[in-house]
Every structure is written in C-alpha cells, then in structure tokens.
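Below are two complexes that have chain A in common, paired first with chain B and then with chain C.
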Partner chain A sequence: MTNDTIDLDQLTGWLTRFRDLVTEKVAYLTELDSAIGDADHGSNMTRGMGAVLERIQASPVGTVDELFKGVGMTLVTSVGGASGPLYGTFFLRIGTTAGPVKALDASGLAAALRAGLDGVVARGKAEAGDKTMFDVLAPALDAFDAALIVSSDISSAARAAYSAARTGRDATEPLLARKGRASYLGERSIGHVDPGAASTSLLFQALAEILDEE
Partner chain B sequence: MKKLINSPETVLADSLIGVAAAHPELRVDHVNRIIYRAAPTRVGKVALLSGGGTGHEPLHGGFVGVGMLDAACAGAVFTSPTPDQMLEATKVVDSGAGVLHIVKNYTGDVMNFEMGAELAAAETGITVAVVVVNDDVAVEDSTFTAGRRGVGITVLLEKIVGAAAEEGRDLAAVTAVARQVNESGRSMGVALTSCTVPSAGKPTFELPEDEMEIGVGIHGEPGRRRVPLAGAAEVARQLVEPILADLDFTGAPTIVMLNGLGGTPLIELYVMYAEVRKILDAAGITVARSLVGNYITALDMAGCSVTILKADEDLLHLWDAPVNTAGMRWGI
Partner chain C sequence: MIGIVVVSHSPRLAQAAVDLAVEMVGVNGPAIAIAAGASEGVIGTDALKVSEAIAEVSSPEGVLVMMDLGSAVMSAEMALEFSDDPDVPVRLSSAPFVEGLMAAVVRAAGGATLDDVEREARGALRAKQSHLGDEEPAGRPADSGPAAEHTIQVMLLNPHGLHARPVSMLVTAISAFEATVTVANLRTGKPPVPANSPTALLAVGARKGDTISVAAAGRQAVAALEAVSDLVCKGFGELETTNAPAPIPALPAPQPEAPPSTKAASNRPLGVSPGLAVGPIVRMQEPMGEPGPAAELSMREREAAAERIVTAATSVALAFRAKAVRVNGAAQGILEATALMAADPGLIDAAVSRVTKQGHTPERAVWAAVGEVASLFSEQGGLLAERIPDLHDVRNRIVAELLGRPAPGLPDRSEPYVLVARDLAPADTALIDPKVCRAIVTVEGGPTSHTAILARALGLPAVVAARDAMDLPEGSVVIVDGTTGEIVVDPTDEQVVRAEGQVGRVVTFDGAGATRDGHRVQLLANVASPDSVAAAIEANAEGVGLFRTEFCFLDHAEAPGLDEQVAAYRQVFAAFPGKKVTIRTLDAGADKPLAFVTAADEVNPALGIRGYRTAWQRPELLDTQLRAIATAAAAEDAVVGVMAPMIATVDESADFAARCAAHGLHNVGVMIETPAAAITASSILERVDFASLGTNDLAQYTMAADRLMGELALLNDPWQPAVLRMIREACQAGVVAGKPVGVCGEAAADPMLAAVLVGFGATSLSMSPRALGGVAKLLRGVTLNQCRDAAIAAVAAGSADVARSAAAVLLEPTRV
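Right after this comes the complex of A and B.
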C-alpha cells in the first residue's frame, strides 16, 4: 500500500493505534519506568491517550491543526509529569505547523513532525545521547526525511522511521541518563531502556502499521 | 500498606475537601485543584503562586494565607500539577501587580509551570516572573543531571518572599528577594525508611533496618550514599558538613530549619537540632532564627533534612513579619 497523502481519518487512526499500543504495553512501560523513574509512565500515557480519543469522539474536528491542538492540550492537562508537556508540545507544534488543512502530503507531514521535534527540544532541552525520547524522535525523523528523498510514499517513510525508532530505543539501554528523574541515578541508570524512548517508538510503530493496513 | 484513606484514587480530592472544611479563610477550587485565599489579592500586591505534587504537606497548600502564598496548585501525590491549573490560579490571584511562580526544580514541575506561564502570557497579558528553587546539595553533578532539587529552602523562601510581597514591594523586588534566598540557602536530607505512595501501595525503595540513605530527595530519590545507621550526632555531621562545604555561612546571621520528613517524631527532630547546633557553634556560624518541625515532608518517610540560609538584616526582618497560614503562624 502506498500513500502520497495522509488525511484526517488516517491521522485519527494513527492516534487510535498509538492509544491501543500504549494500553497494550502499559505494564512494559511502567516496568521500564520503575527501574529508572517513578513507575507511572505506562498508566500516565494510557490515561492521556484515552482522554485524547474520548475528546476526538465527543467533538469531531474538521482540520488537521484543530485535531492536533486538541490532542496536545488534552495530553498537557491529563498526563502530568514531564511526559505531558513534552508529548503535548510535540502535538501542539504539529498542529500549528500543519495549519487548517484536511490532509497532509509527505513533505507537509515531514515538516509538521520536524516542528514537533523542535518543540520537544525547546521544552526539554535534551540533546542526543541524554537517554530521552529525543534519542528515538530525532533518528526516526531523519530516517523519515531520508526515505522521502527516494520516494514520496508516506508508508515506506513511516516504516523506515519505525525501524530507526526501534534502533534508537534499544540504543538508550547502555546510556547514562542526563535528564529528568533518571539522571539522579547516575551510573545506576545504565542498563535500562528509557521509558520515554520506548513510548515514542510506539508512536512510529502506530504510524507505520496504520498506513500499511490500508 | 496501612493508610487513613478511602481509596488511593481519591486521596487528593478527599484531602482538599478536608482543607476546605477546616479553613474558612481559604477557598478550594476542587475542579482545578487550587487552594487560595478567601480574601482577594489586595490591589497593588504582587501575588505568589506555588504548587507541585502533593505528599509534602504542609508545603504548599498549608502555606497559603496572609504573609505567605496567595495560591497553591495541587498535583497528584508526587506528580506535578498541569499548566491549565497554573493558568487558572494565576488569573485568580493577580491584582494587576504581577504574579511570581515559585517552582521547585524537578523536570515535570519546571515544564508544567513554564507552559502555564506561556498560556497566561498568551491569554491574559498578566506579568509572570519565575524563580526555580534548587538547594539540595546531595546532587553533586548539576551539569549532567536535571540539576539540584528544590527542597527545604522552598519553605523559608515562601515565608520571606511572602512578607516582601505583603509589604508592597514590586514584582522585580519580590523576585530579587526570592533569588537571594535561593542562592543563599542549602539543604541536605536523610532517610531512615522509604515512603509509600498510596497509588503504588508499597515502599518506593528498599532500605535495610540497619542502614540510612544520606542525601535522599523528598520523593525518595537516591542520595549520595547508603551507610550504616548511626547516632544523631554522626547523622547531623553527615548532613551539615556537605552544606558547609558548599557555601560559606560565616560572618552573617543564619536561619536554620530542622525539618521532619513525615515519619519522625518531633522529639527526635529536637535531638537532631541539638546536634546540628553543636556543629554550627563549633564552626563559628551565628544562628539568628530556628525552625524545627514538619514543613516539607515526603509522606510517611522517617528522616529529616537540614536547611541553612545565609541571611541579612532585610531577610531577618521579613522572616519576623507576621504570618497566618495553616502550616506556619506567628506575630499575628
């Protein structure tokens, strides 16, 4: 299946699949977070994405920016901790960049995702190798952009992004945490996958799967 | 887990109902989880807003009232409140003179308050200033971590800065006092036991019967080291020495707080305070004011923290000013 554009239904499908994946993996995310954090990442993301889907179902939107601004604000107000502002800012920036359109083409989606990453960096000040969601988001978007140079098919770009996301996620395991609560553990943070990196990888898994399904 | 609760899910909501019932001089917004003064902010007075995860009582809700905070946003236990709460609270307390956000340095708190301030700027045009509190000397590496945590000095800061605002100083002056207190104060804590977060149902960390965690954080964050349990004199030495190594407290009056973390009886806090004073006296440090009790806690954790603030005449004057809150009251 190839896709030159992604429309509102597909974007909503992406969010729905992400909700399903974090719900399915709630125990896994919480286990990762109990090793180097405060053991609530799974339940926080499940609660947040549950609220997002409730909102979408309760008040359908007509444009991409409306969709993602709603997603961002819902996550900010329902997730809490650091994940709320980080994921919230990610989606808010996607919405602002996408604008009042009904669908995005490949370069439009790439630009929106890139703006989301910039928002995460502005909010969290993370750099490569700090053992955060940045270590998945940045390489995944680099892979997404690289795939689009070869073809304008969003599906194959999403698969490439997911592949890079998994690699990035696994690469956080040997890292020493330099941001967030995990950083207080120092050397003891080594040997654990970062929970935020793991949930971000699910975000790209969701995108790849929803586009391949059709 | 043995706790006096109805259910882990309703701890915060139920406690806010209790706060509202016990304190007619306060108002509680149960939807936005904000505790604020019943009397509106006096026109021209800078408003002070703080907040954070709950479980540290009396901080912050217990410090809302005349001479201290104007409002406090309550998050779930050990979880930052969200930006919509800070936006709403900022709107409630602003009288036109601006609002100072007092934020403890934790990643979630800093980001959520930052977004709250951005929303306030975008929606209301209210002038918001921010002070991030970071006084925990247990965190040795501030460059490659989230930095020093905000702990005991938050209590002293809210009291002193509250008095400055009550006097009618403007936002810039009030913020300057806040920065001065943060930069001149240091803290260090010790845990004898873990705490138990209601929703988790089991202790946050394991600590053997004969060991203690030196440098523990107020959410059970790991400290500098785990060592064999010792007598009060030795524990006091292990808390005070790193503080004195971090800042020179000689040549100025100091304010010293011996704070209980929630599960230690007051009699033990006074035993500890006696030992702390011996060390400070020997080091030639002048203690001008003292505070002993449970002010910034970690649920049911047994242990204590020591906070020392290098003061001056102005800070002592502000410290002595009247305060009338649930958690701190004098001069009224």
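Right after this comes the complex of A and C.
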C-alpha cells in the first residue's frame, strides 16, 4: 500500500487507532508509570483519547487544522497529567501548521509533525536522553524525514518512524529520568521504560498500521 | 490590587492553601481564582481552566499565577498562550506553593506591585529555612533600605511573637504610610529586614519578650512607627484582656550604635570617636560671602586703602609660604604656587587701580579683581580652570585679612585646639593635623560621616550633631568626650585636671590576649624600626606581628649591606627572646618609593612594581635580606617568621617559600593584601606556613579606592562588607588548613573589628602598641561565640554602617 497523501478520514483513523492502542495497553502504560511516576498515564491517555474521539464523532470537522486543534484542546482539558499539555501542544501545533486543508502530502505531514515536536520541546524543555516522550518523538520524526528523501510514500515513512520509535522507547529503559515526576526518583528511575515514550511509540504504531491497512 | 490564580492538581489542596492564606488578610485580600483538577474530578490540571481563572481575576495591575508542580506548570504556560490581553501582565511564579501563596496574598493585600509580590513569593521559604538553619550559605543580604531617621525599640507582648498573623497586621499597617521601615530582633542581632516583607519578618524569629528595633525613614516615618508601636503594645490583639500587662512604652534607641544614621533622631550631641580631649575652641570659618556695597572712597582715602591691599596680599602670601615649609611632597608645591598667586603683581595692581581710580573699598576691589582672573581661567578651561578654587581661597584670605577676620577654612594653628565646624568636607578632614587638633566637634554629621571615620582613623575624639556648637565662643576651653558626646564648656580647674589625667591614661594590656571564655588570640605589636621596640615592650605585646624592614633601606641610595641589616634585625629580635617576631621583607613602591627599586615613571604605582614584585628586578636584594634575617635569627632567641608583602599568586608564594628554604628559614608566610591572594588563600596556604592580612591594602584593592584619598574614606572602610568577605575568605582558609592567619592592618586596632576578625578565625592581631590595651579589653569582655555572631552579622550586612552597628549590638559585653 502506498500513500502520497493522507486525508481527513485517514487522520481520523490514525487518532482512532491511537485511542484503541492506548485503551488496549492501558494496564501496560499504567504499570510503567507506577514504577516511576504516579500510575496514571494509562488511564489519563485512555480518558483523553476517549474524549477526543467522542468530540470528533459529536461534531465532525471539515479541515485538518480544525481536527487537530480540537484534539489538542480536548487533551488539554481531559488528560490532567503532564501528557495533557504535552500531547495537547503536539496536536495543536500540528493543526496550526497544517492549516485549513482537507489532506496533507508527505512533506506537509512531515512539517506538521515537526512543528508538533517543536511544541513539545517548548512546553516540556526536554532534551535527548532526559527519558521522556522526546526520546521517541525526535528519532521517529528523523526516520520519517529520512524515509521521505528516497520515496514520497507516507506508509513506508510511517513504518520507518515506528521502527525508530520502538528503538527510542526501549532506549529509555537504562536512562536516568531528568524531567517530570520520575526525576524525583533519581537513580531508581533507571531500568524502567518511560511511559510517555511508550505511548508516543503507540502513536507511530497507529500511524503505520492505519496506512498499511488500506 | 493584583489578582492571584492558584493552579493545583488537587482542588482540595488548592482550596486549603487559599484558606490558609486568606486567614492572614480576611476580606481585604486580593481576588483569588482556583484552577485545579482535570475534568471529571481527576487529579490533574487543565490549561483551559487556568486561562479562565486568569480572566476571572484579571486586573490592569496584573495577575500572579502560583502552581504546584509538573503539569501545573505546563498547563499554566499553555494558558498564557490562550490568554492574550496585552493590558494584563500575567506572571508565573516559581515560588513554593503554600508559603509562596501566603506571602503573595499578604503582600498583594498591601497593594504591592506584581514585581514586588512575585519577588516576595519567591523568597517565601526564608522563614522555614532560617528556622531549620538551612539557609543558603551565601545568605541573603538584608535590604535594610535607606538610612533610618527614627528608631524605636519595643518589646513583644503577645504570646507567640511575630508569627504569621501579627506579621500580616504589621505589613498592612505599614503599607498605609509613606515610609521605609525595617525591623531587627535585638536578641538575635541579625541585620534589619524590610518591614514590608512578610517572609523576611517571619525570619526575624521574634518571640514573646524579645525586643525589636524598628527603624523608619521617609515623610511619614514617625506616624508609621507610632502605628507599629501601637500594634506591638496592644499585643496585636492577642492579649488576654483580663490580665493585660502594662504596655511597655517605646524606648528611644541607644546612641550611637543602633541607628546607622547620618541624621540622628536625637538633638543630643553624638560621640562618634572615643576619647577625651581638652583644649580651646577654634571655629572653622564659614565660607566668605561677597562684600556688600559701600560708599565710594574719597580721593584722600584712596591711597591708604590701596596700601592696605598690598599689605594684606603680602601677609597672605607669607602665610602660605610659611605653611609650605612645614609640609612636604606635593602639598608643598601647591602651597608655594598659591603663595605666588597671592603675591601676583597683576592681581594686586588690578585691585589697587579699582581703589585709586574708582574709589572701591579694598575688599570689594580684591573680590572683583580676582573674579576677573577667575573668569579668564574658566574660559581657558583645563588645568587653569582647576586652579580656580585656589584663586578663590586666595581671595577669601586676602578679604578676611582686610576685614580683620580669621582666615576661612581649617584654622592654621601650631598650638593644640578643639576644632568646631558646621560640617567637614572630606578635603578638610584630610588636612587635619592630629598633633595640634585634639578633638573635632561638628554641628552636622552622624556616626558614619567622614568626620567620624576620619576621627576614628586619626584616633581623635569626635562629637557630631552638636547643634549649638557654632555658638560657642572662640577660644573658650572645652572638654570633649568622644564616647558620651558630652561637651563641657568653661570647665572648672578641677574638671580640667581630672580630664587631663584621663587623656593620658591608656588601658593596659596584661600580655595575654583572650576572649572572656578563654579563646586565645595573640595580641602583637607592629614595629617599624628598632626605635619603636621600646613602646611594644612597654605595652606588653606578646611579640611582633609585623616587623617592617623599610627603615633599613630608606635614605639609602643603594640597598644596605648584609652586616648592616643583620645588626638592625638583631636589635629587634633580641628584644623578644622566646617570643614571636614576624619580619616582613622589603615592601617598597607605591606610597613608599625607593630610588633603587622603584621606577619613577609608573603611571599607576599602587598597581605597579611594589612589594614582592621588586624582587623580579632585584632578586639579589631579597636574597641578601633573607640571608641577613637567617643570620640574625640564628644569633638571637626570638621565634622568627618571615613573610613577603604584596603577593598575588600561588606561584609567588611557592617561590618565596623556596627562596626562604634555601636560606634555612622555615617559618615562612605571606601577606594577604590583594583580593587575588584572599580568594586563593587556601591554595597559598598549601605552600606556606602562615599568612597575615594587610587590611589597608586589601581594602584599597577590593574597593578600587586609593587609600591616600580622603574623599574615598567611606569606600576604604575595612567594615565594607566586600572587604570583610575577603578577610573571611582568607581566615577560613587558615582554619581549614590548620595554619595561623593573623591580621596586621589598621583593622586589628579597631577593638570592635578586632572581635569580628577573631570571629572569622584570625589567630593573631598585630597593631600599633598603643591600641593593644583597647583591643585586649574588648576581647576580654566578649565570648568567642559573640565574636562569631558579630562576624556573621557584619559580613551579611548591606553596608559598612550596618555591619558596624550590627557588630556593636552583638558585642555588647552584657550579652552572653
């Protein structure tokens, strides 16, 4: 399956799949978070993405920016934990960068995702190796961009991004947390995968899967 | 009033924190909105709620956002992106949630600006930190505001002292007045804190029964103090009405220590430099005014009048010349030049012609003639313009002479006198000759004025704020007590005899320096030549902390030979068998130039080749000197230490130690006179056995203020906190290294400062022999802990005045 563009339905599908994945993995995410945080990441993401899909179903949108601004605002008000403003900012920036369009081409999606990453960095002030979602988001987008150099197929780029995301997620395990509540644990945060990194990896899994299904 | 938004993961936490804070201000507090919890009662935060809360309490004066942690911070940041009213400044505060909120609410209730509230909130952990003793090591310099004009001392009567609620009442009460108020707890002796800061006030730690000193400056200072006094005496409404103790009235603060003020609140004369002196009053003449108009002189009066000008001018010129003979150096040249100006025929001719041709009075003629020359000088600018003050001095003196009045400015006397002046400019004070001026009395001035500082430096008794002093008749004899501020006019013979008996009386030193609790501090003498050994022995010095060797070299065209030096050093060593003598190698340069080591053309001699640096150019001089010292030390029984002056680097210290070792000298030290040496003292002490602080140069270099300039006396004060920190750095390095660090500068001779130095960890103090008794006496009256407390307070002070007064309070002998 190749995709040169991704339209509103596919993007909605991506979000739906993401909702399904976090719901499916709620116990896993919460378990990760109970090791180094406040044991709410699974339930927060499930609740947040649940609210997102409810909103989309209740009031359908006509453009990509409307879609993602709605997603962002919903996450901000419903997640509660730090992932609220972080994922919220991520999707809000995607929306503003995408603009009032019905679909995105590969480079448009890459630019929007990159703006989302920049938003996360501005919000969370995280750097590589801080054991945060950044450690997945950044390598995944690098892989996404790299794949687009050889082909404009969004599906293969999304697969490359997911692959990099998994690697990034696993690489957070030996790290010492330097941001968020996990940082209070100091040395004890070592040996656990970061829950935010894990959910971000699910985000790319969702993208790769939704594009491959078609 | 600003608005406050409280962002928390938990609505219960937010509500409880707000309840706690609002208790302090009641209904008069700022608008507060809570943004807590995410949707559906979930623990968390919601950026949208934060944004709504900001809008709810929005005020043109701004909104302060207090947050608990994590997502609260990010949600608040996000909310800022949602709220975009440019007319409402919104500030996110990193302050601790509970304490910060409380501080912010109290401060905001007093109408403070967003900046002030935010700053206050950020410092809100101070009270807790101070209570638990884990303040930042650097400490927070107390912002005690401008010099206080009025001070009261009141005792706290309410059961729990200055706790949160009374603090809040105090802050609110004071905010109504146009006054800057500070509060200090006399029990702890810590520096005063600003009374508009609730957290700082809590950190004062004032309990029931403590006396607090409240100082106020500003237009409504008195009213503010009355309000404070009222609150305190009523126990902040916390007293049991049935058995309320009688309110303790506000006491006037003791002078001079308590208020570091230049305008004393009291009308009483203030003793600012201790000591007793007897002498006739000489008034410093006030500046001369332009002579008034007078009728035209008749033709026959004119010739005699013109003659008088010539006579007066000649007499003034002669006086300048006579003065020039008595001084040397630069001053001599200036006085000679001024004498020439007074006798300038051009000037005299111009004045004379105004008399003979226009019939002006001589004084008006001189005034006008000089005025013409001065305006010429002024047009030329540059160096000529700088001579205008001299020209005016000449004019004033000639006119005074013509009018039969005493010359203006500092009196020119050779007999002892007591100087009475309205106030003294730094330039005046720098010219005072302590050999003839016995005491200083001024109408203006305070304990930290130039007059006070200079008088203390010169060891002259001084009294300031003597309001009626200018009315005292010239020539009448007075007894001036610089300790109590008392001035006895026309004393009885008996009083004079008694006072004169006391003048010469020196407190004696018993030969073993120690604090009251037995902490030993060696009290040593500074010795400048074999001739001054007798004074040191007579004063019971425990040894010599600074044996200057320059005397050996002065008046020599070349360095003295080995034998001459050995003989000179032996004289001093021989006088102290079994005792410590610390000899300093040649310290030439700057204000002590020596032809054979100092270049005459240095642009900046104080920063030039001086002290140890002269050994770069003439290493053989140092080697000869070290050999002489080693030879002399071997021949006598003194415990000799040798040290180098003006060290700036660790390498220099190591070099010096190596050179000394080569001559068999093993007790080797360096002077710490540069900030460079002070801050690297710990490394320097790895290379040498001891160090000795030269506080005069250390002050000059730390403050970048030429110590020879009277105008900079306020900066050159060793009580400057910056200088104290340098001293502390070096002393602490000694404590850590377990090596002695002493002080041999002027600072050691100031009894109070000596105690502070002991508090820093100084192991010995070396001073001029006559100062030993006073220093020993003060140390005997205080404990080591008092010294340490005084040291901590002084170093934390914001200014030299505050440092001095804080130390004074803590070093009262009655305190334990």
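Everything below uses one rule, namely that the second predicted complex is superposed on the first by the 214 of 214 C-alpha atoms of A that agree within 3 Å, B and C clash if a C-alpha of one lies under 4 Å from a C-alpha of the other, contacts with A are read in each partner's own complex, and residues count from 1 in each chain.
As a working rule, a contact is a pair of C-beta atoms (placed from the backbone, for glycine too) under 8 Å apart; a residue touches a chain by one contact, two chains touch by 3 or more.
All values derive from a computational prediction rather than experimental measurement.
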Chain B and chain C placed together on chain A: clash or fit? clash
For this session: Based on the superposed arrangement, let me know which partner A:D40 touches: chain B (first), chain C (second), both, or neither?
Result: both
Exercise for review: Applying the touch criterion given at the start, work out whether A:P85 contacts chain B, chain C, both or neither, answering first, second, both or neither.
Suggested key: both
- request: Scan A:P174 for contacts with chain B and chain C and give back first, second, both or neither.
  value: neither
Exercise. Could you say whether A:G191 touches chain B, chain C, both of them, or neither, answering first, second, both or neither?
Key: neither
Candidates 188-196, 242-250, 260-268 or 296-304 checked on chain B; the stretch that hits chain C is 242-250
Chain A positions within both the chain B interface and the chain C interface are 40, 76-78, 80-82, 84-86, 88-89, 123-124, 180-181
Given the complex, residues on chain A that touch chain B span 38-40, 76-78, 80-82, 84-86, 88-89, 123-124, 176, 178-181, 183-186, 188
In the complex, the residues of chain B that touch chain A are 75-76, 78-84, 106-108, 111-112, 114-115, 139, 141, 144-146, 149, 199-200, 217, 219, 221-222
Chain A contacts chain C in the complex at 40, 44, 47, 51, 73, 76-86, 88-89, 123-124, 180-181
Counting only contacts in the complex, chain C reaches chain A at residues 9, 37-40, 42-49, 69-71, 74-75, 77-78
